[in-house]
Amino acid sequence: MAQIELDGISKHYGDLEAVSGVSTTVEDGELLCLLGPSGCGKSTTLRMIGGLEMPTEGTVRLNGEDITNVPPYDRDTSIVFQNWELFPHKSVLENVAFGLKMSDIGTEERHERAEELLERVEMSGYGSHDPTDLSGGQKQRVALARSLAVDPSVLLLDEPLSNLDKRLREQMEIHLKEIHEEFDKTFIYVTHNQDEAFTLADRIGIMNNGQLVQVGDPMAVYQNPTNRFTEEFLGDTNFVEGQVSDSGGELRVKTGFGVSIPLSGETAVAPGDTIHLSLRPEFLTLSPSDDQQATPVAATDGGHTVRGTLEDILYQGSTIRYSVSVSGTSLFVERHVGDRLEFSTGDSVQLQWDTDDVLLFRADGKKLEG
Amino acid sequence: MLETLRERVYRPELLVAPLVVFELAFFVVPLIMLVRVSLLEQTTSGAYVAGTLTLANYQEVLFSSHFQDILFFSFKFAILVTTIATVLSVFFAYAIWRADGILKNALLFIVVVTLLTTLVVRLFSILIILSPNGPLNQLLVAIKVLRQPVLLVTNLFGATVGQVYTIFPYTVLSIYSVLSILDWAKVEAARDLGATELVSFREIVLPQITSGILVGAVISFAWSFGAYAAPFLLGSTRQDTAAMEVYRLMVTRFNWPLATALSFVVLLVVLASVSLLFFVSDDNLGDAYGT
Amino acid sequence: MVRRQRVQTAAFRLGYGAMFLLLIAPLVVLITTSFAASSSFQFPPQGFSLQWYAEFVQSQTWLTAVKNSVIVGTGTILLSTTLSLLAAFGVRESDSVWISRLIPLTLMPLFLPPVVLGVALLSFFGSYNLHQTYGSIIVAHALWATPISFLIIQSVMTQVNWGLQDAALDLGASPLRTKFEVIFPQIKQGLFASALIAFIISLQEFVMALFLSGQETRTIPVLAWTAISQMLDPIVNVISTLLITLVVVVLLLSAFSIGLNRLARQL
Amino acid sequence: VGGGPSQGGEEGNATDETTEGSQGSGDATTTSGEYPDYSGNTLTVATWAGIYAEAFEKSVARMFEERTGANVEVAPAGGSILTEIQSAPEDNPPYDIAAAEGFFYWQGRNENLFQEIDTSKISNLDNVYSYLKDLRGTKYGVPTDGSLEGIVYNTNVGWEPTTWTDLLSDKQGTDRIGFEGAWYIYPMEVAAVSLDNKTGIQELYDEQSHQAVLDRLREFGQNVELWTGSFAEIETSLKQGIINFSMWYSGMGNAAASQQEQLGFVTPDKTAGYLDHYCPVRGSEKTQMAHDFLNHMIDPAVQSEWAKTGYVFTTNKEATYPEQTKSQYPSSNSEWKQVSIADFTKLSEYSSMFSSKFQEIKG
Amino acid sequence: MAQIELDGISKHYGDLEAVSGVSTTVEDGELLCLLGPSGCGKSTTLRMIGGLEMPTEGTVRLNGEDITNVPPYDRDTSIVFQNWELFPHKSVLENVAFGLKMSDIGTEERHERAEELLERVEMSGYGSHDPTDLSGGQKQRVALARSLAVDPSVLLLDEPLSNLDKRLREQMEIHLKEIHEEFDKTFIYVTHNQDEAFTLADRIGIMNNGQLVQVGDPMAVYQNPTNRFTEEFLGDTNFVEGQVSDSGGELRVKTGFGVSIPLSGETAVAPGDTIHLSLRPEFLTLSPSDDQQATPVAATDGGHTVRGTLEDILYQGSTIRYSVSVSGTSLFVERHVGDRLEFSTGDSVQLQWDTDDVLLFRADGKKLEG
């Protein structure tokens, strides 16, 4: 049973506000992923939960109890540090067994447990090695095993798989998921890898500039970002600028290349405002242009079709990225290799989307519900 | 990674050369002269009888109960002082390391400043503090811990206090110098894994500063064995250390052969003890790496 | 839990607080008696006067001794730090085992009672007519200081992040430059400590110096020992007090210029 | 260490040739004119340390400088004088002139550490008590000064000891006393003179009496809290209540008592003492200046000044004592004969026995 | 001009052979990405090129000249270290300016240059900070800037972007690409991120167990792996086991669920051998099953169609993974969210592929050319 509640925690370093007013509750057994750009305060937040940093303001609660002042060793939390922090003077095995030693578990038993965990992270056989002699990914795995060994009710993971190759990472993800589900632990997981976040998370928290800007179900956050930052951060998207204009009593937003979308019932904007439209590449359908000479933009049933020229094709392993120039604006679309679209640069193509899939953001970043 | 540098630029052995030359010229050569003196016959009418050769001095040092007592006392005294000084220094160095800002400066400052005062005066100050009419006794009587002043000097207690005072700043400095570059993040990691301050100190800090502690212990042991001023001024006149005896033999009694013979016995005893210390701690370090 | 933590913290503070007081106590006696009006070493002192300061300033002998101590101390620092720093790098970078085995032998001068070492060195330097020179005292003190500096520097080096040396070499720094740019800053506390210890050994050692110094090269402790063992006048305390004052002033000045916390980190 | 001079008599049979009559009383007022100008020259003189050195500097050295323009370096080398000379190269000694009490004089002579002197160049020698001259002779140096063994005590104890045996009584404070601890001879002397078996310290030269002396010293030893060679330690210990009485030498003892109310000093009627010779050191090239200095040292004016600043006894008959010590020191050859000064030629065969017994008694 | 040639370099650590016999040539101006599992010897290889490690065997050549014994500071190479190795006692600016200082460039100029580079890595304003106070990603960027500052002809990057979020990483990739192209530098780039490798690399080298198992054009390596390791490592794929059998003089491989593929002209196999078939998810077409009752496998024109049940649907941000159970064997397919396939768990579906897209590997890992 471990429910973590952050109540307006902030951390100042001199003038710098590394974390400001973060409040959220992580339920027992939940896996919360923290995502956010470099330097936004993720590690600092974890360190405050782990008790390694005192919040400048705010309260940390564990199962409703205020633990803000409880020292780290009396908290049932464990951090996998971003830069590992292995003990250089202890062997790999001793590193992993350290937490168990702290709970006064006998030598034999703890070495056994440690061996087991090393196996889990595919590091068996390295027990007697010196941590300084390990490769980056190996160190990372030892750090992970070391935290897993103490079997804490709250595990705080700071980019624990960043130095692993895809295959190993996925394997570790599965292990973590298993541990999480099997033992009903609470995980807070910092990652910059969205696939990881989407694969693992029960909920996702997006941080920016020390603030927690959005928390929610992964799909909800992805599909319904409440602000432009989240939209931009979570996926590659095509941002197109538009202007609000009043066309006969109805507010509409119009882009440079002619797309026009009604802003029904929207009150928070006024004519002349700038609006950013997000056209996600996965919602754009790419097809050969039917009619070379037609107008570049046509409103179709509940959406638009635009015509343009295929400018660039980029192979990225299993996906291919197509860049399409529409009246000078460049939009991109992604497809799997397997989709076998047979285009080549210079081809005339058309892109099509539903208005429902277009997200609109005000200049201050807030999403319009239109 | 250094192989390349070595081949092209310098041989690291050359860096050791100045030290070796220095020791050879200024230690080994005079040492040989001393060895020669220790093999001369004693005379009561001068320093030694030139040109003679005898092992009698060593015999006297090794087999007379007088010298045995002195060596044994020195040994005990050195162990006692080293233990106390090391424990206190580790504690104090750790306190300095953990402190911040003005407190850190103050703690460090006191250690350094202590060393800037002339030893003999400092020992006299301690003599005054510990004496029956001194502030400590007065305080203890005033707060009714003692009914009447007790004699804290001219005994083993006084000598030990004095010698610990003498050695303490050196041991603190040697430990702190290693401690000061320790990575705090490692301690944090340990505390996160459930180690209390005490345990993380034992598990993380201590193993990484053993080399510093060892240096301190060696200094402490060697100098306590060779202690002169503190036992002289604060100790019991009944308990002389080897260094005091050597001084007496050499200077007051003008008996060079015996003084040098005793010195070499001291040298060997300390060398053996220190080697043992290194050996034992090396062993422990080895344990730490094995699984 | 939190309570136990508090108790521990309190015990910890009490511990070093008490040690701080114990360390400072002799200094208080020492400093206050330097202002004594009487000619004897007594605590609490009777009367206040600056007579011993006046006497110190007028005493050519003591002023010379101060100068000598500075010269000898500086020489000891330079000699012992240079020798031990070079040797520590040599031992680290050499893979020859016998070198690292040989090094502990440099400790031997520490194990010999200083009086015989002093006498041996006096005969040795005497045969080249070099006794009573600064050089001979510096050498004697360096015999003690070098092994200690060496051990300190060597143990500090065990904590050095040598990965940084790789980084610096890779960025084009020569091995020497690497040492200056990335190794020295890491071991500077160790260097500072070992230099300090070297200086202090020289400032405290009087037995060897007694034999090796002449009229012109007597250092403070030699003078203090010969003076004080038969006669206690507070003039020796004056020197200690002045030295302490000097250090306080230097520390305060640097604290004002770089900030206390910065200073704490530097140390 | 340095402080306690030890001693030994050489031709110690202080013959009764008192030769009271000072030959040529006119020499007593040697004028400065007889001394050459030594401006620019330095003479290094090794002396005992502490108060002694200070007094030496203020009287003997300063007056020589005034007389000759020379620079006198006073080196308070104390107990290490001999060792330093011994280990320095023969032709480059650390000192030009060195103080030597009995033991040092005897050892130094045996090791050839001193130069022979030409007594004809030392005119003031004529006025020196013949008893003191004859004690060890004047081949390597001249007798200049000395001290008697006495008792320094804390005046707070409320009574003044007058004999050595007072320290063995159970009067107040005798349970914690101090004693010379660096060197056996003076404590042994005290033990010997406190015994009444033989005159003076004759017990020391007679094997049969040794046991009695040792037993007596052991008796003192039971009350000894502090064996030390450092007068500074004695002084501090007296003031701090660590000890109440201590054996020490009249020079330093009187000096301390004169400066500090808390301290007093007495010289028991029957006691022993030590005598210093000052000797030119081997290899020193300043022979002429050394002779002049030695002559200067026993000049009555210098001696009087010295007796005033340093409270030592002097060897020149013409010298005068200050009020404080006038009654303590002999003023004629016959009085001198009452004072025992150890003879090391006689002691040498027992020397290491005494030394180790002494260590044993201390320990 | 900087061409790097590795000629059979190996590195032993005691018994461990961290790198064994790696030989390859990196042409001037080329960007080679090294990919491989954790601990396979990538960092060690870089360190040998940079001169920080002496190869136990083999030769490193720069423009044909043997530089195996040239010390690192005399090599025109620079490493971005996996764990950054920032100088803790120097400010961020001084860290970046360090290399320039070593080339005796004046204070003013080098600080200017350093500021410029900090801007490039989006760290301007941090110049006076203490490196230990930076966040993980910030440290990484400083390390990158520090190496860029010396402007080496060969840049060795050891997972330089692993701690950065996607957006920043992509930005950095663009910067690196620009620098690489503009100044015609040679880059050797270690990464565990395949997207990164495919985006950046001119050529890709796959390492395993200290060996360089395949080097080549990214698409070529991806599409034509020479061994099973590469195939498995580079992408998620469906491995299906099959047996070689002799059916009427023609060798065929047959899987458990009935797929049978002819091994025309293949001589390196014999009946009874085990063969692994790789069915890449992006080459599988997923569609509703036409006929519920039909045989599970049907050979179509130049390919196969198999029927099965949709077992699981996993949303991974912009892609969706479908698991299909075919006669007990689980196969997965990936599709973009935008493809809008409307399936739900339990549906009857069919998978279709071309035989040409199926890769066959012998038990020892070697690919069959069949």
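Going in written order, the chains are labelled A, B, C, D and E, and every chain counts its residues from 1.
Just so it is clear, a contact is a pair of C-beta atoms (placed from the backbone, for glycine too) under 8 Å apart; a residue touches a chain by one contact, two chains touch by 3 or more.
None of the values given here were measured: they were computed from a predicted structure.
S.K.: State the remaining connectivity among chains, in groups separated by ' | ', when chain D is set aside.
M.R.: one piece
S.K.: Tell me which chain's centre, taken as the mean of its C-alpha atoms, is farthest from chain E.
M.R.: D
S.K.: What chain pair has the highest count of contacting C-beta pairs?
M.R.: That would be the chain pair B-C.
S.K.: Considering only mean CA positions as chain centres, point out the chain farthest from chain A.
M.R.: When every chain centre is compared against chain A, the largest gap points to D.
S.K.: Can you work out the whole-Å distance between the CA centroids of chain B and chain D?
M.R.: Going by mean C-alpha positions, chain B sits 37 Å from chain D.
S.K.: So the centre of each chain is just the mean of its C-alpha atoms; given that, what is the distance between chain B and chain C in Å?
M.R.: 15
S.K.: If you average the CA atoms of chain D and of chain E, how far apart do the two points sit, in angstrom?
M.R.: Result: the chain centres lie 94 Å from each other.
S.K.: Quick one: report the Å distance separating chain C from chain E, using the average Cα coordinate of each chain.
M.R.: Each chain's C-alpha centroid was found; their separation is 57 Å.
S.K.: Give the residues of chain D that touch two or more other chains, as numbers and ranges in rising order.
M.R.: In chain D, residues 1, 80, 83, 229-230, 232-233, 236, 239 touch at least two other chains, as defined above.
S.K.: Could you list the positions in chain B whose residues touch two or more of the other chains?
M.R.: Touching at least two other chains: 1, 5, 9, 124, 128, 134, 196-197, 208, 247, 250-251, 256.
S.K.: Please output the residue numbers of chain A that touch at least 2 other chains, ranges allowed.
M.R.: 71, 83
S.K.: Provide the residue numbers of chain D that touch chain C in the complex, in ascending order.
M.R.: Where chain D meets chain C, its residues are 1-3, 44, 48-54, 73, 75-78, 80, 83-84, 87-89, 92, 94, 229-233, 235-236, 239, 252, 259-260.
S.K.: Given the complex with chain A, which residues does chain B contribute to the contact?
M.R.: So the residues of chain B in touch with chain A come to 183, 185-186, 188-197, 199-200, 203-204, 207-208, 288-291.
S.K.: Give the list of chain C residues in touch with chain D in this complex.
M.R.: 38-42, 119, 122-123, 126-127, 129, 131-132, 210-211, 214-215, 226-232
S.K.: Name, in rising order, each residue of chain D that touches chain B in their complex.
M.R.: Interface residues on chain D, with respect to chain B: 1, 6, 79-80, 82-83, 86, 103, 106-107, 110-111, 181-183, 224-230, 232-233, 236-237, 239-242, 348-349, 351-352, 355-356, 359-360, 362-363.
S.K.: Across the complex, what residues on chain A touch chain B?
M.R.: So the residues of chain A in touch with chain B come to 50-52, 71-73, 77-79, 81, 83, 85-91, 93-94, 98-99, 101-103, 111, 127-128, 130, 146-147, 150.
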